[in-house]
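There are two complexes below, and they share subunit A, which is joined by subunit B in the first and by subunit C in the second.
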Partner chain A sequence: MSDFALKRPLMNRRYTLEVRQQMAWPWQALILGVSMLLGLLLSGAILVLAGVPAGELLNEFVILTLFDAQSLKSVLFQASPLIMVGLAGCLAFRARFWNLGLEGQMIFGAVGATAVTIWDIGSPGMRLPLMMVVAMVCGLLWAVTPVLLKLKLQVNEIVSTLMLNYIAINVLLHLMYGPWKDPKDAFPYSPKYDSFELLPELGNGLSLSIPIAIVIALIVLWFVNISRAGLYLRFVDKSPKVAGAVGVPVAKTILIAVLFSGALAGLAGLMVAAGQEGRLTHSFYVGYGFSGILIAFLARNNPIAATCAALLIATLFVSGRSLQVFYQIPFAMVQLIQAVLVICVASSDFFIRHRIRRVQGVD
Partner chain B sequence: MSKQNAIQLSGVSKTFDGFKALSDADFTAKWGEVHALLGENGAGKSSLMNIVAGLYGPEGGSLFIDDNPVKLKGPKEAAKMGIGMVHQHFKLVMPFTVAENILLNLGHIQTAGLYRERLRRVSDDIRAMAKRIGFEIDPDTRVDQLSIAEQQRVEILKVLLAGAKVLILDEPTAVLTEEEAERLLTTVQGFAREGAAVILVTHKMNDVLRYADQVTIMRAGRTVKSLKPDSVSVDELIRLTVGESAPDQSATPGEREPGAPYLQVKGLTSTGPLRALNNLNLTLNQGEIYGLAGVGGNGQSELANALMGIPEPVEGQMEIVGEGDLADFDAARRRAIGIASIPADRYGAALAGPLSIADNYALGDIHSGRYGPFWYLKTRAIEADAAEAVRQFDVQGVRSLKQKAALLSGGNAQKLVIAREFKHPPRLVLAHSPSRGLDVKATEAVRDRLRAARDDGAAVLLISEDLDEVMAMADRIGVMSAGRIVAEFSQPADRQAIGQAMVNHV
Partner chain C sequence: MDLITSWMGNIPEFAVPFALAALGLIITEKSGVLALGAEGLMLVGAVIGVGAALTFDNTAVALAIAMIAASIVSLLFALMVLVMRINQVISGLVLVFFCQGLTTLTGTLMGWTNQPVSGLGSIALWPLSELPYVGRFFIQNIVVYLVPLVFVFSVWALNRTTHGLRLRAVGENPQAADAAGISVLGYRLAAIVIGAALIGLAGAFIAVLSNKLWISNMTAGRGWIAVALVIFARWSPWKALAGALLFGCIEALIPQLAASGIKLPQYFVFMAPYAITLGVMVWVAVSKRDISSQPGALGAPFIREERT
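Take a look at the complex of A and B:
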């Protein structure tokens, strides 16, 4: 099988590269873990160069964030919308649909939920469930156009979803500076939600958004592993050309996965608005979409791994804020670290797909 | 015009994965002649020429160029010795211009000067050469904006500018209209008159009769004979090409009473510009194997796609008696009716290579609900059924049902496809080259399954470019040419007459 070796000289001629057919999953996990660790070490080095004392790194990132009850709470708090966008990314990417519009779908979810609060639709008791449904529907609607354009007219979804983000951001800005501006202080954000419009805290101080995120992760896991759609998605993902020929309803599968993805992104928008901010603001959405893509990528589109990756990124977010406060390190450093992690994991793919072999007896 | 040998091969063999593509083949082409290499698909013509072009190393025998023994290390070296091959599938970089493509090929010759200068020089050379041989090609056009015939001219210019004196054309007329083919072959005939050697790999009798000075006939990896085309009758040429008789007549086709018509294809025509299918009519009865013979590229793939539900731009009727038009059925409906499809391209249309054997098998019964409702996939039931099918259909090399389907050998992959398609007794079997690339044992297993389906009353359509297979299997034989069925035969059929129908209508 490995006969079609790419005989490329590597360093010197005594090594050849071969394409691997299959690698046992423990090895894949090991390679992924090592590359992730390498990424973290590189990030540490960058932080040291930026002025964080080397001795404090472990303290800042691990001890103070994960072993401090208050910080841990904020990590989990931060994690839930990230889990949602990560799962949204997994779903779309499994259908080979490059949904770069997670951010726009998220914004529209939040806009829809806020509309419910502003127009006071539904009784106070039903308000929050209604907001959730509306957020999901709005996120889904923001994904409908690109997926239909792709299925009917072969319009490249990378462009259409990305461009829709800009439309969503500008609509949001219009609302914040225009009709929905808070009349109390004239700052560009919506009026505060009423108390029954906020995601409630559970007894131990954790937000309801965390159990919701976990339940949704389980639903996605069911969808991709246990339902029939999961089988169809595997065909669409791995052999799109064969899928149609052997009777997989390709268009329907892509449509459902992408709409599901949009709905989850919309729900993530609600979690930011009703869980974290307590109102619609325009500054907190930028960057989530990118993180969602990255989480799905780090997790290889696996919902459980995406949940873990989202926790990792949430830790980065939280410690990034404290670095900002204590060492005056710009928050952009968090995005730099994300990027370093992605590059490391992406390059590890090379070692999973290839085998480097020493050739004996050849000059 | 010297008459010494341009190319001489003697006693050449070549094996691929245990399959002997060439055994002890001899071939001689002289300067100044158009030499046709004639044979059916899979006879070894392309393999033999790939050895001359330095793409394959021969396993035995020797190669002489201009009467000097040579050992080629690769295509570059062959090009240096003046050999240029135009492959059936063009090797052009689509978004590049003509001049860029040709310069890319001349990289090792045109080294002096800046890139812009070299490109300008090559463009001048292209214009001069194109004018000399009567091709209208603008060197600055992008290749993807050219027609197929024009792209072929670019390929020819490419090898000529690289200094080729031996021009090998692999099935050059397969993609051309009659007019274009005529023009091309007249041009290359002109090269030969100027002293070059032109080798024409073809299976079209007309090309041979009209343009070749000498013809070498190949069959099953051997060179059967080399002769002057005008020295023998057409019948004799056909006999040499298709062989004496089928080796296997153990089945007794022809004695069966055909059942009622089951599939009726009427006026099936491609809507694309190439008209691959041209008003094709076909009636397939229950309880018969209808063998569709023909030279490859006469619309077989397009017909198979249209029937198997793979997107193909066609209009016309494909009616299943009592059920409706095949074009209107979705996968679930096709399965429910009992339509089994065995496409020619196993990993392009039948099996998802990166997915497991169980996943691939599951598709066969997924719509019926046997493997659970939409919200729950009964993995255990799938694996149990797949394990049973693997055993029953003798799929070998299965270590685990979770193993990738791509790891199966050709024969076992085909058995897996049949296991899935034949899970429920089929009423209509559509098989396209079902034994291509399989060894003798696997071939026999596949054929037994088709015969068994026929004996159980199914209507079986066997599309195959292998005349031996059609002769051995079919109760009725249709010959496909230029997108329609030009002749039908009932068994026992005259092999000679079929061969004639295959080539005379091209």
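Take a look at the complex of A and C:
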């Protein structure tokens, strides 16, 4: 390999690029850390360009958000739906299925849960558990079409899941401006949920959605690391062809992983609707689909890492909202910063996998 | 009668962005680079086009600047897929997210949102413009008339020139092309930048010439529909043009239906293009036509050092 590189050096005939076999993990961590830092610095530069006073940045982002008990609570609160979509991304990507339909699945999860509240199904005591089940089932059902199209007809799931997102958004808008609009409200929102339909607060002011998110993260961890399906999933992730050849039920494994992914996205929809908004709104889903994909990518599809990445993105969400209030900076800034972070982290992989070496004796 | 006349008049306006974006995608993908970033590059073309039109008050200059801006942003994508060798699907998605954030931010901070621009006047292609029913189809702005010429030139360049041959060789078998002394990364870079210019023009067309203003995320998934269109057209520019016309007919019908007084739930009408795109994808998959027309190395990064 390196012989070849020596004979035909890349670029200006003085340096060559080599593939590294292995890099010691402290170096890997260092490179990853430096690239994250670079991403944050770039984001800071963008914020300063957008008109945030440079001196306020540290204050706004780090100190106010992480060292203030109230903000820390809202970060944890914000993190729970992000953990759900992040885990949903991990599961689908482990099956080599680009589930970009997290938003659509989230919308249908929340629509299903809201249908339960509007039609008053079940006794008040059973209402919330029923809403959760319905949200998961609806999210799962919205994921059935693209995964079956992919497995049976090899329809590109990137396009199909995205198209289904746009369809779901229009269904949501139809409901919000039409049959489900709260007549008492000027905005396109559904009627407010009753108190027993909301995710309750625990004694210390934390929402029930946080323990739920942790339990689900543990279940996903069990699923991918211990369960039989998780073992099959690792085969499929490495090579679907080899997996099929050694007798792994490839199609079934992909189906289970993607439907699980859809169910988690549906639950994320419920967490936003019944946890944060207290009703269905026309734009509750904005930003979550992308964030789920980026969290899964940052975490390299590892459920524990995804939970940590979701906390980071939640900090961004919370600071993004305060930037919106104090500096009139659009929430799209959060999306831009996430993209910058992902580009930096993804680039770090290049330096982990390659080494640039000076070549001597070649003119 | 009026319905058909005005429908015909609106078709090119809706078809041109699809056609230009699909052509840009085809050029990029013929070089073996999977280009999913069209939605983002269209937004860049749209916001910069409107911004330049507001600043310079000259539509031609605005369109040119929009094309250049999209090309510059596509260099980021080129850096990711060609230099850093990041997965092409992730790179394309991140590019879309990046551009969605960037364009919303730019549009808001610069105060370009909802500011009307003048656009271009229409030119009637005389005797065709006098035809009954379809006459309005031939009263369009100059850019619409240039689109067929751009297609003819692109097809000629791809199929009849040495550079086009090399570009296709790089997309079919980069190892062989490399051994023949063709710069794989060079051709891929050129394909990304040229494709991005056309995609940027598609976005600028929507904002500057069609809607005559900028609203954040105004392309509303048209970039993704263009991606589907390229798969549907099996990487053939002429089939992509036909597909763009088909989608133009569908999209142009939506405002007509609203104006005609037929009572349909409007959001179900709005979802039609997406549902039809999905339907077309399924139809293509069921009919299982020649899969071989896909560029051989599409989506595979070329890494000389990892050659086996």
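Assume the second predicted complex is superposed on the first by the 332 of 363 C-alpha atoms of A that agree within 3 Å, B and C clash if a C-alpha of one lies under 4 Å from a C-alpha of the other, contacts with A are read in each partner's own complex, and residues count from 1 in each chain.
Note that in this section a residue touches a chain if its C-beta (ideal position, glycine included) is under 8 Å from a C-beta of that chain, and two chains touch if they have at least 3 such contacts.
As the structure is a prediction and not an experimental result, all values here were calculated from the model.
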Touching partner for A:F297 - first (subunit B), second (subunit C), both, neither: second
First (subunit B), second (subunit C), both or neither touched by A:G230: first
Dominant toucher of subunit A (residue count), subunit B or subunit C: C
Partner chain(s) touched by A:A251 [first = subunit B, second = subunit C, both, neither]: neither
First, second, both or neither for A:S239, with subunit B first and subunit C second: first
Touching partner for A:L208 - first (subunit B), second (subunit C), both, neither: neither
Subunit B versus subunit C as contact partner of A:V342, first or second or both or neither: second
Subunit A positions touched by subunit B in one structure and by subunit C in the second: 1
Residues of subunit A that touch subunit C when the two form their complex: 1, 4-5, 8, 10, 16-19, 50-51, 98, 100, 149, 153-156, 158-160, 162-164, 166-167, 170-171, 173-174, 177-178, 290, 293-294, 297, 329-330, 332-340, 342-343, 346-347, 349-350, 354
Contact footprint of subunit A on subunit B as seen in their complex: 308-311, 330-332, 334-335, 343, 347-355, 359-360, 362-363, 366-367, 371-377, 404, 406-407
Footprint of subunit B on subunit A - complex, ascending: 1, 21-22, 222, 226-231, 234-235, 238-239, 241-249
Residues of subunit C that touch subunit A when the two form their complex: 36, 76, 80, 83-87, 89-91, 93-94, 97-98, 100-102, 104-105, 108-109, 216, 220-221, 224, 227-228, 231, 265-268, 270-271, 274-275, 277-278, 281-282, 285-286, 303-307
